[in-house]
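All chains are identified by letter, namely A, B, C and D, in their written order; residue positions are counted from 1 within each chain.
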Amino acid sequence: MATGYVYHELYAWHDTGSFVGMLPADPRLGLQPFQHFENAETKRRIHELIVATGLIDRLVRIGPRKATDEEILLAHTEDHLRRMVEQSEQDRGGDAGDGGSPFGKGGVEIARLAAGGVIEAVQAVLDGTVDNAYALVRPPGHHALREHGMGFCMFANLVIAAKAARRSHGVERIAVVDWDVHHGNGTQAAFADDPATLTISVHQDRVFPPDSGHLHERGTGAGAGYALNIPLPPGTGNGGYLEAMRRVIVPALHRFRPDLILVASGYDANAADPLARQMVTSAGYRELTGLLLEAAAELCGGRVAMSHEGGYNPVYVPFCGLAVIEAMAGVEPFPDPFEPNFGGMGQQELQPHQAALLDRAVGLLADIHPA
Amino acid sequence: MATGYVYHELYAWHDTGSFVGMLPADPRLGLQPFQHFENAETKRRIHELIVATGLIDRLVRIGPRKATDEEILLAHTEDHLRRMVEQSEQDRGGDAGDGGSPFGKGGVEIARLAAGGVIEAVQAVLDGTVDNAYALVRPPGHHALREHGMGFCMFANLVIAAKAARRSHGVERIAVVDWDVHHGNGTQAAFADDPATLTISVHQDRVFPPDSGHLHERGTGAGAGYALNIPLPPGTGNGGYLEAMRRVIVPALHRFRPDLILVASGYDANAADPLARQMVTSAGYRELTGLLLEAAAELCGGRVAMSHEGGYNPVYVPFCGLAVIEAMAGVEPFPDPFEPNFGGMGQQELQPHQAALLDRAVGLLADIHPA
Amino acid sequence: MATGYVYHELYAWHDTGSFVGMLPADPRLGLQPFQHFENAETKRRIHELIVATGLIDRLVRIGPRKATDEEILLAHTEDHLRRMVEQSEQDRGGDAGDGGSPFGKGGVEIARLAAGGVIEAVQAVLDGTVDNAYALVRPPGHHALREHGMGFCMFANLVIAAKAARRSHGVERIAVVDWDVHHGNGTQAAFADDPATLTISVHQDRVFPPDSGHLHERGTGAGAGYALNIPLPPGTGNGGYLEAMRRVIVPALHRFRPDLILVASGYDANAADPLARQMVTSAGYRELTGLLLEAAAELCGGRVAMSHEGGYNPVYVPFCGLAVIEAMAGVEPFPDPFEPNFGGMGQQELQPHQAALLDRAVGLLADIHPA
Amino acid sequence: MATGYVYHELYAWHDTGSFVGMLPADPRLGLQPFQHFENAETKRRIHELIVATGLIDRLVRIGPRKATDEEILLAHTEDHLRRMVEQSEQDRGGDAGDGGSPFGKGGVEIARLAAGGVIEAVQAVLDGTVDNAYALVRPPGHHALREHGMGFCMFANLVIAAKAARRSHGVERIAVVDWDVHHGNGTQAAFADDPATLTISVHQDRVFPPDSGHLHERGTGAGAGYALNIPLPPGTGNGGYLEAMRRVIVPALHRFRPDLILVASGYDANAADPLARQMVTSAGYRELTGLLLEAAAELCGGRVAMSHEGGYNPVYVPFCGLAVIEAMAGVEPFPDPFEPNFGGMGQQELQPHQAALLDRAVGLLADIHPA
């Protein structure tokens, strides 16, 4: 098994400045300068852990490149691209669109490199040079909309890569599984009316975007039924997530029968993340990956490409990311030293109120009509 | 209304080194050096926010002093104190007892200053120089046991202050309310068999210490019934916490009729904390404080002293701490700029499975016999 | 002896962002985001050291206030003030004028507080409520020009305070001694043609501004002779600095006979500063201060007010600042633990090529005509 | 031309803790916790700049390995190695020998990887797989003595590599040029009585070790004349350094006629370093490298291997390191954006008092007898 891996040191240079979490510092509002939740630390630490554990030697390095204008316009308006390019020339940089998604001078070049990294990962899977691939990119992409970025995202990396895949390899049916803890609203919007793209987002109920990712968001027009949302209650742990995978996501994939599975792989459902309240551990991520790969093996020759999204705890995210990539590469697990801390938290197992939500989600599967 | 306030710049000098969260860095275990969850940032930012908003001008500054050996021995063995003193002489410092509670060279002096700060806050309340008081100290104390520290705590600041209060002012009945998100195991243990001290801990079910803080832990011997634990499920927000205050904590206080209320005020139940999964916002903390002060006004002349415990998100904790102290001082709220982010999270209101836990806790109140 | 002390926590909130030293980050130029040389760390550490050593208890706290428009316009054009106010409303803040002097949203309020802090320090000295005073403010001021800021400075704090002093107390003769390692070009320019204000800058030869601070810059028009520059060679240590004080600065003051002495007290001539190459130690700063106070005692009743300027090594600057303020307060020195490291550097004593430069500076004294 | 390059992410995991520069934090001494001067930042930024500029694609990556006990014992006593291994098992790590050279738990493994990285770089040059090579390792090595480490150094990386080279390839005559700004005392001591190894150290007069690196230190016994020290005065810039290279170092190499040239390449003579007072710019480092390579081309087939030593300004060192490696690889210079800042500092050109020191050093060349 060959697993592709995209990382570039410039991803860590994406500059989110001296924000206070997700707000610009402002003494009048009591906002003392600090750092943005979405900073380089977490992602750089994943990469360094991959090197330190030796996993790097089991992966096939895939070099990213900058996405072209044409590629970015697969997912975005010319206006949005132009704004990003223009703001990227400003000394203090700019913002992707919602005031909480800053980037520095020259930042559009890194955003291009992120999108291009995901494109290349997907291409490598489709070309068969690797069996599956992981793109550890930054900035993330799953919240970015056609007309503007948001939620720390500049370009919709995975949407771009999916559309590029369709164009280059004529891939017909694509499933996108988004296990970032926030709603994958950008990806959902991009494919809302497209029955050939199934978007599944499992997330914490109403965190970000604020009023988004409801069970009743199902896609529109011809795409009705091909958007699936699983808004798990806050406090859900491994038990609830694995049950969601087993009872909803994998069955949905089986009904849909994709030719390619893309994953928006955020780690902010981890048990120590500041930006959500879930309790998934590295062991949970490992098992989620295993179940997904198993489905992919049956359905689409194992063709899975993952794009890195959120995950904001620099201490724990690296071990979650490591677990996913190890699982993709079929490599023996490196022990997670935090397992005693987070694995032992109360109510890691499926709770009745979580199961009740999943029951409702299961009811939506019938709208996915077998290809 | 006069509110006392203890802070000393040396609290920020308590040195927890280059830990990785709560584990010592070790390349062989994949643990890249970083910082300890319990570092200066969060607490220093609370203090600076108190200054920046002008709240400081509405508070009565109380200068801390170093707790004496005699005072520390009110709560600890001579062995523990000696170990702390000895390790404090080592160039690399030492650990309070569990390997995850490091302190630097000279650290015992800061721990003395923390304990002494809480003592002075309580004394000021008892002396009537202030109506209530807040001690923003570091390191924290509520996990520290008689024989050793743990959970980032060196000395049991609040236990020491409570015993000093009893000695100096002959205070008979003391209630300790611990709303840190972790179980206040140290305080509970110190007063387990003492029916004159009611300890109430509201926390997230089984986080830290791992298997501690169960409903069935009720105190021992003569103290049976005078330890109360409310292990809220992960994902509990303002609704659940306020209901716990209204249905369990306040009624317990009314049954117990304390002469003094102490609060172990951790903020790690906040909606963005890495070390727990609750969703309390600054508005929630403000309201919790209001309810508690109301009870104190009725029961013990408003005599409340709070000791700072946990809280690990440098971005959000300052606004939670500010809300509590503003409420104590009866000051108009300074707006929380994160309210749209965290206040709007799904399931902030009381959930049925949370109410079910509270029902069980209510059942325990009967064991508190009116004085 | 009473020494006034100005500090406000908001000074540490002045936001210089994710600059790379003095350049804006830009991946295309190889400039990885980092921090500005002029960040909060050094100044906050001075303040905390003053508290930790107990010096704070020997000082008279003077509360700063925000300088008014009218006060700022004593030193600046309306255009400059308006630009600062406008840019301060931008989400990403602005720049004082040269692209290397960033400030954050709301930053003009902190700049007002810095100027106001220096004003209040000077007023307290003139009112006689203290004998001398130190204003530990941020951002600094000595490079700011009438029409725009530069060199990390927004407003010319000391110029404003000097002019306010003249207006409020009718002070006639003011001497400004600038021992920041860079040329005090802003102060010199503000008083270039004013024979009632003697500006003396001792600095490292041609560092910043690049081609500024030459011996031959002497003031203009009526002010000719009343600007004095001492461009010491790189590598000058305590010996050269003390000789400059003894042979040039103190004699100049004696000729000029000021009513008030202001000091632009930068510490970037320290032995470990990144932004210059001098070798002054805390002992050197202490002795420089002693010599200056001695002259002030003889000349102007000891009326000295200092305004904090540069100093960019967070490790060593605090001990240099401490030494100056201790000397002002007549307090027993707290030992400098770095004395063995920096005090023992080779060629700390006066070198012949340094003496040669001083010889030339001595020659300039004759142009200062006794009042 | 092929240039080898050694870097490993684990070098950045070498843990120097929360030191205050070079002293352990201690509140009683006024030492607020901070970071060690020798931390990961500077070196990681060099590596990332090498990647970001694309230089990485012009280099031949050489994988480091851990030096064996046998290799380390080429330069150290068994006692020293055993101490490092034992202290590396302690939770808080240990110290290489002087109290200012801390390392973390597991740190000996990174020190082995540093020594092994230099060994491999030298071997690659000797094997002819590359023309020259640069080992960007951490911790550094040039201060480490046979019996103990010091000056942030655990093992004498370059001494080990030199002795390994002699053993593996029978290299006879080795010249070590040390342009770290501090005296290369460890290397000098290791080869003091060996006339087959010429050690040349150009450094700032008496900085570290405190009283070391004098002109009169010439080697001992058979090695007399084969240690050369050039203690440049503080404040020396490009002019003085290049003149030292042209008038002393290159002539010494020509007299000695080495078979291999090793370089202890520290960058702490840069114009913004906190730990010395020199003014070398990236252009200066580039030119120094060019002169050295030119000599190497004439003398020993261009066989040069460099080992990374000091350099403590995270902002500027990366551009200095880049310049050296570009010069080794014969690659077009990437522009240094700090050139206007540091290149324009006054007295960059050779000064008379610097020339006078060089005159004295030239007089020592006669003791190097042609092979």
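Convention: a contact is a pair of C-beta atoms (placed from the backbone, for glycine too) under 8 Å apart; a residue touches a chain by one contact, two chains touch by 3 or more.
Per UniProt, the chains are A, B, C, D = Class II histone deacetylase.
Here the structure is a predicted model, which is why all the values come from computation and not from measurement.
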item: Most widely separated chain from chain B, with each centre as the mean of CA atoms; value: D
item: Interface with more contacting C-beta pairs, comparing B-C to A-B; value: A-B
item: Rounded Å distance between chain B and chain D, as computed from the means of their C-alpha atoms; value: 50
item: Chain B-chain C separation of Cα centroids, rounded to whole Å; value: 43
item: Centre-to-centre distance between chain B and chain A (centres being mean Cα positions), rounded to whole Å; value: 37
item: Touching two or more other chains - residues of chain C; value: 10, 12-13, 27, 29, 32, 48, 52
item: Chain B residues touching chain C - in the complex, by the definition given at the top; value: 8-10, 12-13, 47-48, 51-52
item: In the complex with chain C, residue positions of chain A that touch it; value: 10, 12-13, 15, 17-18, 24-29, 32-33, 40, 91-95, 99, 102, 104-107, 109-110
item: In the complex, chain C residues that touch chain D; value: 20-23, 27, 29-32, 34, 37, 45, 48-49, 52-53, 204-207, 210-211, 231, 233-237, 271-275, 277-279, 313-316, 318-319, 322, 334-335, 337-338, 340-341, 344-347, 351-353
